[in-house]
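The following pair of complexes shares a single chain, chain A, combined with chain B in the former and chain C in the latter.
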Partner chain A sequence: MSATFRYRALTLSVLIFGAIPAIADDLKIGLIAPFSGPSSDAGGPEMESGMRAYLKIHGDTVAGRKIVIIRKDAPSPAPDVARRLAQELVTRDKVDVLAGHIFTPTAIAAGQVSTQAKVPMLIMNAATSGILAKMPYTARASFTLAQTTAPLARWANKNGIKRVFTVVADYAPGIDSETAFLQELEKSGNSAAGSIRVPLDTIDFASYIRRIQDTQPGAVFAFLPASDQAKNFIKAFREAGLDKAGVRLLAEGGMVHPAISMTLDDDAIGTVSSHHYSDDHQTAVNAAFVAAFKTFSPGGRAPSYIAVGAYDAMEMLFQAVKMQEGKLDPDRTMQIWREMAWESPRGPVRFDPASRDIVQNVYIRKLERKNGALVNVEFETFANVDDAGRQ
Partner chain B sequence: MKAALIVAGWIAAPVLYMALFPDSLVLASQILLMGLFALSLDLLVGYAGVASLGHAVFFGIGAYGAGLLAANGWGEPLSALVLTMLVAAIFALPVGLLVVRGGSLGRLMITLGIATLVSEAANRASGITGGADGLQGMDVWPLLGLFSYDLQGRTGFVYAWIVLTLGFLAVRSIVASPFGLSLQAIRENPVRAAALGTPVRARLTFAFVLSAALAGAAGAVMAQTTQVVALNSLGVHLSADVLVMLLIGGVGRLYGGLIGAAIFMVVHHWLSDLDPVYWQIWIGLILIGAALAAPDGILGAIEKLRSRKQVAW
Partner chain C sequence: MLAQFIGVVLDGIAYASLLFLISVGLSVTMGLMQFANLAHGAFAMAGGYMCVYAMQALGLSYLAALPIAFLFSMVLGVILERLLYRRLYSASHLAQVLFTVGLLYLSMGLAVLLFGPGAQAIHLPPFLQGQIAMFGTQLSVFRAFTIIFVLIVALGLAFVVRWTRFGARIRCSVDNRAAAIGIGIDVDKVMTYAFALGSGLAGVGGALGVQLMGLDPSFPLKYLAYFLLIVVVGGAGSFIGPLFAALVVGVVDTAGRYYAPVLGSFTMYFLMIALLLIFPHGLVGRAR
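Our next item is the complex of A and B:
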């Protein structure tokens, strides 16, 4: 049998069966995330590199089982596609665990397959509050927007910043963060100077900036996760001289993450944001993670919060498999995850047994240039924040 | 004899598929539903000659209609299906009246405009639709109170197949009816059809409404079997996809939409499995190649081959 023939036979089997048959003892992870299209920049490859970084540090075998990652492309928030991919991962590829999800709709669709098949699922991003209630076999290793936003409002209250103007992208996550911020703000009798929701494809912010100027706020809170929006908004904010007039710029951390918003420039320096992860976090665990991640990422860039979600999902998987000596019983696995606490690259984390969401520190950071690179330098910590933003 | 063969084929094909590919039934039911969706567009584009870039609006109305019913306590799938088809049809009436007023390019703009309006409205109304997070909390009751939706997707597959069959029979009899023939007359020459006394705009509007109801049915069953609805179900992207499916299969030929949907979905599925990162590049190349090699779709190419053979004999 010639090499070409064998190659063709393999190609044919891949074409017909859609997958390279894995060895029975492998521990298979079905990773559903955007690997193509505009969302892939901060999507599947980022998650996979986070997982590979974990495997590089801790070895690719746990309790005698080798880790195999099966990638499935879900380029957009289409639940029908995710449902199909999850079902085939479970019934055909016989994966041990489902994972991934940038988008909430794909997480919900795959979560139904996880529930029905009793296959544990680990969410690595999808940050909408309350989606886990109907998915008993799913845990979330990432964050929620309420969790990362509420502490920023608390910080503003503590520092006597009055009358904050909020600007968010007009879609569900933007509205989530606006609600969380305003609720927390009003708890101390503080109030908003005004609120604007801007369409997702806005890139010219001149008219919005004028409206902000008219109200003379003490600070502006922004959540504009699309990379060019963040850059343009910050630029317009500076050009209007708002920063010189003493208006502080506060942002949800996802907006000013240099690894994701790669167009951010020196205009953004000084932006105060709140998030659960900065690659500048000063611990040995994080240093090892950042170093391992850089060997996989394009251009050796630093990991983002999406990568750390993937890293921690692997930690959870390894822990569950170790404690069950190679097995992965669904109920026992969920029990282990509910009770887990560990030192993540983001800091100390544990699980809330009731919500199956992560309880973690949320850091207030300032964007600075350090050794040539833009980084968020943490300067204040809100410890043990739960998924609803409470401490 | 030929009719008996076709009926046997319609029944045998799904049974054979279930036996051969028990692990790919979700893919198959989605192909059937996209086939029904493309078929509804064929009634509009292929038979009535009204091009649309916003047909997903009606698919989406069906999906959100079924989704909202199931999320608010009415999970009975069949009555929800009928109800959402009605809603899609009612919404299509004023839209249809607008669309048929345009010229052929004007119609593209009107349908595109309505698609943009509706998807932005659905995004903004996140209190009702869930916005970008998708509509959650659907609880769809078992089909006929007996068959719950299994992991393998058997119930969903049979359900989709039955709805497609009924839809196909409906379109088949519509296009063979005097009404259907008048649509084809309008498509060929609207001025002459009007001169012969055909109420052109009324006929086209009615075709638009029928087509929307069928698209709504496809959307409703998709929502009921997926149990989540998101904004992609009424997006412009889906409208373009379904048009491409129809063009691949062949316009105005009944089976064109079904064949096109099957090829489009299977190629997508295989390529994205083989190469999750770069598969969309191959899709683009294949689409260009297909348009050049078979401008009238696959059925058109087969017809051409056949007629050439007859000439040669």
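Our next item is the complex of A and C:
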């Protein structure tokens, strides 16, 4: 880095922040996520507990700087709210790093602020493909839907499952997963028995279930938001006796994360899903994470994929601050993140330097009851899948 | 083809039954006092949570939890009507709307506080699970149960309204409030009873709805449009109106999703607009 650039960066930071950031200060993280409203159940608190679990295991100070989390409530995907919150965090709270985002629209809005102010940002969930291209100071510690669904189609092909019916929610992530799944099916000459895009306000799935029954498919692939929709669909699937009629349910893993499978109970057992994280993952790193997480979560609930995204974002932040001895230069930070590889609770992960997305294992799991609790037991691994679902 | 059509219609009727059960109380209070109780769904939610609580914490069976949900919402209705609602009967519509919207958000906050933000679920007894074959199609046992349950309630309600003195008082108070007061009917008391009954029915609807509509703290807001739609299309103040309106909403919504899934909810809302243009005072309502 040249002296001129350093001077410019300093001038810029003086202009933007109004002060030269002191080095021994607290390390402030601006967390934008839903802390109220219907999305908060598996939203902000889940992320914060994941972050706190990391701090519990690794200590709350890195290179002499104490971690401070500043929460900002973005209850819905509204981009204008997220942009305002990100601006507040950068100008008033003078955060060192932006983080969070359950929803893609809030990630894009805050990403614009991150780009203009050169404040690094870590996405902990928001899984729509291709959004990082226009955000040079953002890296995604979570996953993309293409990444987690393509392996499920590959698994269906491998196991000779023919005539899969796809049901997805009619919004960007749903269409991402439908596209990824169908493309993968077609690669082995397989085709869909039918495809339905369900409006996001759907409550009663009876009509869609009847359409599925009419075509008598070998399996149903579903991706619906990890909330009532996922629950109501799985319930309706069972209620109609589709599983007894020999139709397999293949779900995007978010649909059966702990908070959901807990309320579905027996109705969800046997669901095959694909995802990058299960709290049942058998490693020491994960055991430590699950134990630490349970001390923060309501009712000692197991961590979801959202919590692990938050945990790994902390790992990235710690690594960057350590390597810069307490500083967090935006360009150097992005360079460090691009080259990172580590052992996450989800398994071995590394970054794709070009896309700034995680390359990780995607596991095929089956929901089972184990010691009284419902867990997604991993039984097959697709190793090193990139953000487009390629291996 | 015919079997599928019957199946879709039956699913729609089951959905409509629930919507009717929850909305009918709203129709009566709107007809009686011209009071738009936007917090009406909160009573349905209260019934739903009571049902979940009775089954999970008290270990009661589903069939025992339903009347408890009814009683709980009814008592809640009486208390709130006596303490709060009656103070606003003569207030402006804006004040009423602000008050009931406030109550709506209060109920949602309270639900988060007591039960957490997540959705609740119940476990149906084995005899309500599974499918039955009828008219060459399959219908889930629970949906059949819902239809029969609501049919019995609706017949009971029709009997009360048509053949009892209480029903006569309600009809009289709705039709002509001044005359009702003139012949010595205590309209305030009629209102309290009607409010209690409506809240109770909403409570039982909410309890039945846990399975088909889901239950979480956003319930009263999420379905508010449906409840209002049914009352407005049916005609405020009547019992039969909401029944027709609920059937139209339930069946058209379900059939629309089956036959034209691409259109989403468009089919239903289009029909609603058309119906309101043709019958501006509701299907059985009258101009006031």
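A few comments on the model shown:
Assume the second predicted complex is superposed on the first by the 363 of 391 C-alpha atoms of A that agree within 3 Å, B and C clash if a C-alpha of one lies under 4 Å from a C-alpha of the other, contacts with A are read in each partner's own complex, and residues count from 1 in each chain.
One rule holds in what follows: contacts are C-beta pairs under 8 Å (C-beta built on N, C-alpha and C of every residue); 3 or more make two chains touch, one makes a residue touch a chain.
Every value quoted in this text rests on a predicted model; they were computed, and no experiment measured them.
Applying the stated contact rule after C-alpha superposition, one finds that A:Asp170 touches each of chain B and chain C. Counted by residues of chain A touched, the larger count belongs to B, out of chain B and chain C.
In the superposed model, A:Arg84 makes contact with chain B only, not with chain C.
In the superposition on chain A, A:Lys72 makes contact with chain B only, not with chain C. By the touch criterion defined above, A:Gly241 lies against chain C but remains apart from chain B after alignment on the C-alpha atoms of chain A. Judged by the touch definition given at the top, the superposed model places A:Ser207 against chain C, while chain B stays out of reach.
When the two complexes are overlaid on their common chain A, residue A:Val62 makes contact with neither chain B nor chain C.
Applying the stated contact rule after C-alpha superposition, one finds that A:Ile108 touches chain B and leaves chain C untouched.
Legend: residue contacts after superposition of the two complexes on their common chain; A:Gly37 is shown touching both chain B and chain C. Comparing which residues of chain A touch chain B with which touch chain C, the overlap comprises 37, 40, 170, 199. Residues 4, 7-8, 11, 14-15, 116-121, 123, 129-131, 138, 140, 142-143, 211-214, 216-218, 222, 253-258, 261-262, 264-265 of chain C are the ones touching chain A in the complex. Looking at the complex, you find that chain B touches chain A at residues 22-24, 26-27, 30, 120, 123-124, 126, 130-134, 136-137, 150-153, 222, 226-233, 237, 269-270, 272-274, 276-280.
Chain A makes touch with chain C in their complex at residues 37-38, 40-41, 170, 196-199, 201-204, 206-208, 210-211, 213-214, 227-228, 231-232, 235, 239-241, 259, 263-266, 298. Contacts from chain A toward chain B in the complex involve residues 14-15, 18-19, 35-37, 40, 44-45, 71-73, 75-80, 83-84, 87-88, 90-92, 104-105, 108-109, 112-113, 116-117, 128, 131, 134, 170-173, 175, 199.
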